[in-house]
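What follows is a single structure, and I will ask about it in a moment.
The first chain written gets the first letter, and so on, giving A, B, C, D and E; residue counts start at 1 in each chain.
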Amino acid sequence: MSATPRLSVRNIRKSFGAHEVLRGISLDAHDGDVISVLGASGSGKSTFLRCINLLETADDGDIVVNGEEITMKTTSHGRSAASRKQLDRIRTNLGMVFQSFNLWSHMTILENIIEGPVHVQKRPRAECVAEAEALLEKVGIADRKDYYPAHLSGGQKQRAAIARSLAMKPKVILFDEPTSALDPELVGEVLRVMRDLAAEKMTMLVVTHEMGFARNVSNRVIFMREGQIDCDGTPQDMFGGKGSPYFQQFIRHMETENDAA
Amino acid sequence: MDFPFLLSTMKALLAATPTTLGLFSLSIFFGGLLALLIVTMRVSNNIVARNFAKGYIFVFRGSPLLIQMFLVFYGLGQFGVIRHSFVWPALREPFVCAVLSLALCTGGYSAEIFRSGLRAVPPGEVEAARAAGMSGFLLLRRIIAPIAFRHALPAYSTEIVLMVKSTALASLVTVWEITGVAQRLISQTYRTMEVFMCAAALYLILNFLILQVLALIEHRLNRHDRRPAERKPSVLSAFFGSRA
Amino acid sequence: MEIFTLLGFGEKGWGVLILTGMALTLCVTLASLAIGAVIGAIIAAAKLSNRWWARALGTAYTTIFRGVPELLIIYLIYFGGSSAVTAIGQAMGIQGFLGMPSFLAGALAVGLISAAYQAEVYRGAYRAIPKGEIEAASSIGMPPMRCLRRIILPQILRFAIPGLNNVWQLSLKDSALISVTGLAELMRTTQVAAGSTRQYFMFYIVGGLLYLVLTSFSERVFNSAERRSNKSMPRGMGQV
Amino acid sequence: TPSQAKEWKNVTITLEGAYAPWNSTNPDGSLGGFEPELADYLCDHMKVECTLVASDWDSMITSLNAGKFDVVMDALSITPERQEVIAFSIPYANTHAAFAAPVESDYAKAVGTGDVVKMAPDYSGGKDQIAAMRKAFDGATIGIQAGTVYAKFIYDNFKDVATIREYKNGAERDLDLQTGRIDLGFDDTTNLLASFKTADEEMAITGPEIAGNVFGTGEGLGLRKEDTELKAMFDEAIKAAIADGTLEKLSMKWFGTDVSPE
Amino acid sequence: MSATPRLSVRNIRKSFGAHEVLRGISLDAHDGDVISVLGASGSGKSTFLRCINLLETADDGDIVVNGEEITMKTTSHGRSAASRKQLDRIRTNLGMVFQSFNLWSHMTILENIIEGPVHVQKRPRAECVAEAEALLEKVGIADRKDYYPAHLSGGQKQRAAIARSLAMKPKVILFDEPTSALDPELVGEVLRVMRDLAAEKMTMLVVTHEMGFARNVSNRVIFMREGQIDCDGTPQDMFGGKGSPYFQQFIRHMETENDAA
């Protein structure tokens, strides 16, 4: 593990109106880390990811990527990134897979995937298309490459969204429930892809409800509760009974379910 | 029906058609550019720019084009400062003034139309683009503009057709386009209905063609809403088989 | 000052005439907008229908009423309407010219034109509604008319606000053309005052300003409508 | 269509009400000017009740033929083309035409300023003066009112030496004459004289005034073709107004010059 | 079990262009049946549900609800329901929870929920509001009732969508992945709600990737493959090794995952 973390988040706070959704969250992630973020619905997981790449501006706190802090400024208009340039550069290295996919509806799947590489990273188009096709093959929707998002099934859209962010080859990827629309077979596929990426030292933050993923793929588990990190640790520790009582209760349901099986 | 009269009227009006088309295309072009600028200011976070844009839209959309054109052409010339400045050689020309006031006016309207297109862009798709490191002009060009333009197109076609008709006012500043010529014929002959009917037919044909082109563009741009089945199979795939 | 005498309400002032013209402009525009809303909605529905003849009719309407110069439509409605009324009058034994009331003819003509524009605005707004939300309504058995009223119309209005504002402004200015029916609305009053006094700039500027006064009232209404409709929107583009 | 055997007790006359000094609107909404006062005299003479209505220039003739008004009185020049559509009374005015230029300009005070030349429709009687003016105004830009009889005169005689620009109305042309977009205006003198007043006498007539029947027989009342009786009544009244000097009196009052037809 | 099935689907076919998504599917569901529909992503599950309540018109086949067949007509324009009235009446008894929620964006959550009862079923508003609040309480988002959909987390939207279709008290509900955005704790809650409904004799068709649900809550499991029903049976039989080889392979992934845990 290198000395400077790949991604470092310090004391992030965020409110929507009177409702404080994030109440001071800090986190370090190093190369090859796969961190599962667990938590009840509404506990602020998506908001946390969105604050990291500044889709929401945190009310307070710092984000450091590759040792470079995203500089912020406060104007009468609110807090925002001080340098557009810096933010864009950092975001290029910070992929995101959305909970609601957010594919661009006016582009085919292939166009969605090569959009970033060609137009942001300015790489040659032919090369990007070849890579995109390989990626689509990997997630199993190569035959849908000329479809528009409106004509895909939920799982197909989700896989396209994953492929879209991988195509940028970012250093860090933030996944927001990347397997929610997938069947067990595909979940297995996607987990394999993610394991490979981790082996290639990519850093991943994964919001998930798949306990299997949290246990088997990640090397660290974070449990969020009411906008704070309630407890965190290795999967072995957490699932071995060392988490907080809240976490114990949270995962008990899963167990009862499996027990009943 | 007095066919020789209709025929000679039509001839006179046809001779004025290039002027109408010239006014129209130039003012749509410059007005469109202006609208982009204004709408950018209108949605920007800079309070000065935003209020300027609001004021601009308010004035140019809120007052009759006739009055705007009158003031631009006859009004500006009243000021010695302008008459002796470098812009006068251009402003002296009626055609330039007509294009200028048409463009200023459509700039205000189009800016509002574009803004309503922007409102229809799904925020999630913009976020996806930001997350991919797009911002500024790139984000606008690749994601926002294409989606917004699709939504704004029906209203913008209306504005375009409107501009064809708005050029009719240019005769006020001595640019003799179709309507001006028609009115001149009327004041010579007093045959109002016949002359107007000819002019109307001409405008209808022009606008019909323009609307047809716009509808075609709209159809093409909305591919993503249609089912793949509706895509016409290419001739080649009949021979070579399709890969799907 | 000469300006104040000319614009005032005294013996030499044009104030009363011009304000009357302004009130008339406002009334005609409101009436025509109402007419246009009803017809425009029908035309938009026709253009969105899946019956080919309805679509063709709708397209023909919008093409003609947008494509033909407004002045001609006003001529046709006013003089066409008037000769119809005169013919009916003669059939009933009334001699001479029976005009269609100027106000009615004007409002109808501008209304028919504005209907074509409103139809396009509504159609564009309809297309912006996420399909899924309409499906959700059908899936609970919501009848089409109710779905229209509860789900589609509120959202159409939301997306149509800026476009409607445009149409309002257009109709406001189209109303200036109905002076050919003899109605002394704001534009004609301005021109008469300018021609009679030969104070062209002053009266044109005043006329322009009064149009802006009308606009500023409507702007308020539209702005508050827009602010309301933004409440439910995710923070998006193009709104401030 | 109105009945043939109509007893003319009430007559509706329309004018634009925005064409000072021929006709204009007063701030209280009533109509004033040369034509309304002449109309009062004519109607008194014919013993009919007249109603004056202001209406828009563009639709005036259509409205006349649709039956909305009975008479149009709006400085209509009598021309053969127009006579195909409506009938005219005998002329109640025959104005002179002339060039106008800013007093300081090179084109001011051209030869013949102050003279009156009578020309026939083929310009005979004024060929020399035309030649002199062509020389004086060589290279100028001349503004005229589109669609008028004066436009034809300019096109016939000055097309090859000057640039011609057509305006929708005289007032706009006069504004451009002031800003210098054009060098000369050509119009009927009543119009020019009125605009000189608003321009603080910074402009004046240059070259000779042109009279005679070169521009037709003058301005007459517009009537529907079938109302022959009404035309006869108005013709008679106009003759009376000329004969008893009323016309000349009104003309001097409103125009400062006599526009009575010959 | 009553003699006439509550819902009966006969030989449904559906193509998109050249692509045949459903190739003849038949199914009977009786009162209190909870049928899990499993299948790989893109196998046509969502399309199947959408054909049942005619959001997509099947190219062929019949739908019978409560013994009443939805009459169809074929015009030059294609196949469609013959009577709008009949269709609306039947749909009122046929709830649907969408994979992408499809909440009405211009209404608050509470308004979304009372919309159908008040405006389609014409029930008194006060009564509907009270019921809606109880439902929101049950799915745990009572405190969000005055929020607009755009301001909710993924899981909150999903629960609102479930509450919306329950508020209509339909006889049959079609669920399209109703727990995809929920954490294990909430999945447990929702499953309990569904068990209660089954006890009250509601008929449910549930597209799901949760094998726990298929095993423990449903009384029948259907496995779709390439637009056809590959195999079906009781959960005991299916998960006990009686399913087709494809099904065996499909669920193996889940097991390896759990084994690794």
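In this text, a contact is a pair of C-beta atoms (placed from the backbone, for glycine too) under 8 Å apart; a residue touches a chain by one contact, two chains touch by 3 or more.
None of the values given here were measured: they were computed from a predicted structure.
Engineer: Which contact partners do chain A and chain D have in common?
Structural biologist: B
Engineer: Would you mind checking the shortest number of contact hops between chain D and chain E?
Structural biologist: When the steps are counted carefully, the minimum from chain D to chain E is 2.
Engineer: Would you identify the chain whose Cα-based centre sits farthest away from the centre of chain A?
Structural biologist: Checked the centroid distances; the maximum from chain A is D.
Engineer: Does B-D or A-B have the larger number of C-beta pairs in contact?
Structural biologist: Of B-D and A-B, more C-beta pairs in contact link A-B.
Engineer: Which chain's C-alpha centroid is most distant from that of chain E?
Structural biologist: Farthest by centroid: D.
Engineer: Could you tell me the distance, in whole angstrom, between the mean C-alpha positions of chain C and chain D?
Structural biologist: One centre to the other, that is 38 Å.
Engineer: Any idea how many Å lie between the Cα centroids of chain B and chain C?
Structural biologist: 20
Engineer: Just how far, in Å, is the C-alpha centre of chain E from the one of chain C?
Structural biologist: Their C-alpha centroids are separated by 47 Å.
Engineer: Round to the nearest whole Å and give the separation of the Cα centres of chain A and chain E.
Structural biologist: Centre-to-centre distance between chain A and chain E: 29 Å.
Engineer: What positions in chain E touch 2 or more of the other chains?
Structural biologist: 16, 100, 151
Engineer: What are the residue numbers in chain B that touch two or more other chains?
Structural biologist: If we look for residues of chain B contacting two or more partner chains, we find 74, 78, 122, 124, 192-193, 225, 227-228, 244.
Engineer: If you look at chain C, which of its residues touch at least two other chains?
Structural biologist: 71, 75, 79, 200, 233-234
Engineer: Where on chain A does chain B make contact in their complex?
Structural biologist: Per the touch definition, chain A meets chain B at residues 50, 53, 55, 77, 84, 87-96, 98, 100-108, 115-116, 119-120, 143, 146-151, 164-165, 168.
Engineer: Over in the complex, which chain D residues touch chain C? Could you list them?
Structural biologist: Its residues touching chain C are 2-3, 16-20, 24-29, 53-56, 58-59, 62-63, 66-68, 171, 175, 194-195, 198.
Engineer: Contact residues on chain A for chain E in the complex?
Structural biologist: Spelled out, the residues of chain A in touch with chain E are 16, 38-42, 45-47, 99-100, 140-141, 144, 151, 153-156, 159, 176-177, 180-188, 191, 209, 211-212, 215-216, 239, 249-251, 253-254, 256-258, 260-261.
Engineer: Chain E touches which residues of chain C in the complex?
Structural biologist: The contact residues of chain C facing chain E are 50-51, 130, 132-133, 135-144, 146, 150-151, 154-155, 158, 229, 231-234.
Engineer: Considering the complex alone, what residue numbers of chain C touch chain D?
Structural biologist: Chain C reaches chain D through residues 6, 11-14, 16-17, 71, 75, 78-79, 82-83, 86, 95-97, 99, 179-182, 184, 188, 191-198, 200.
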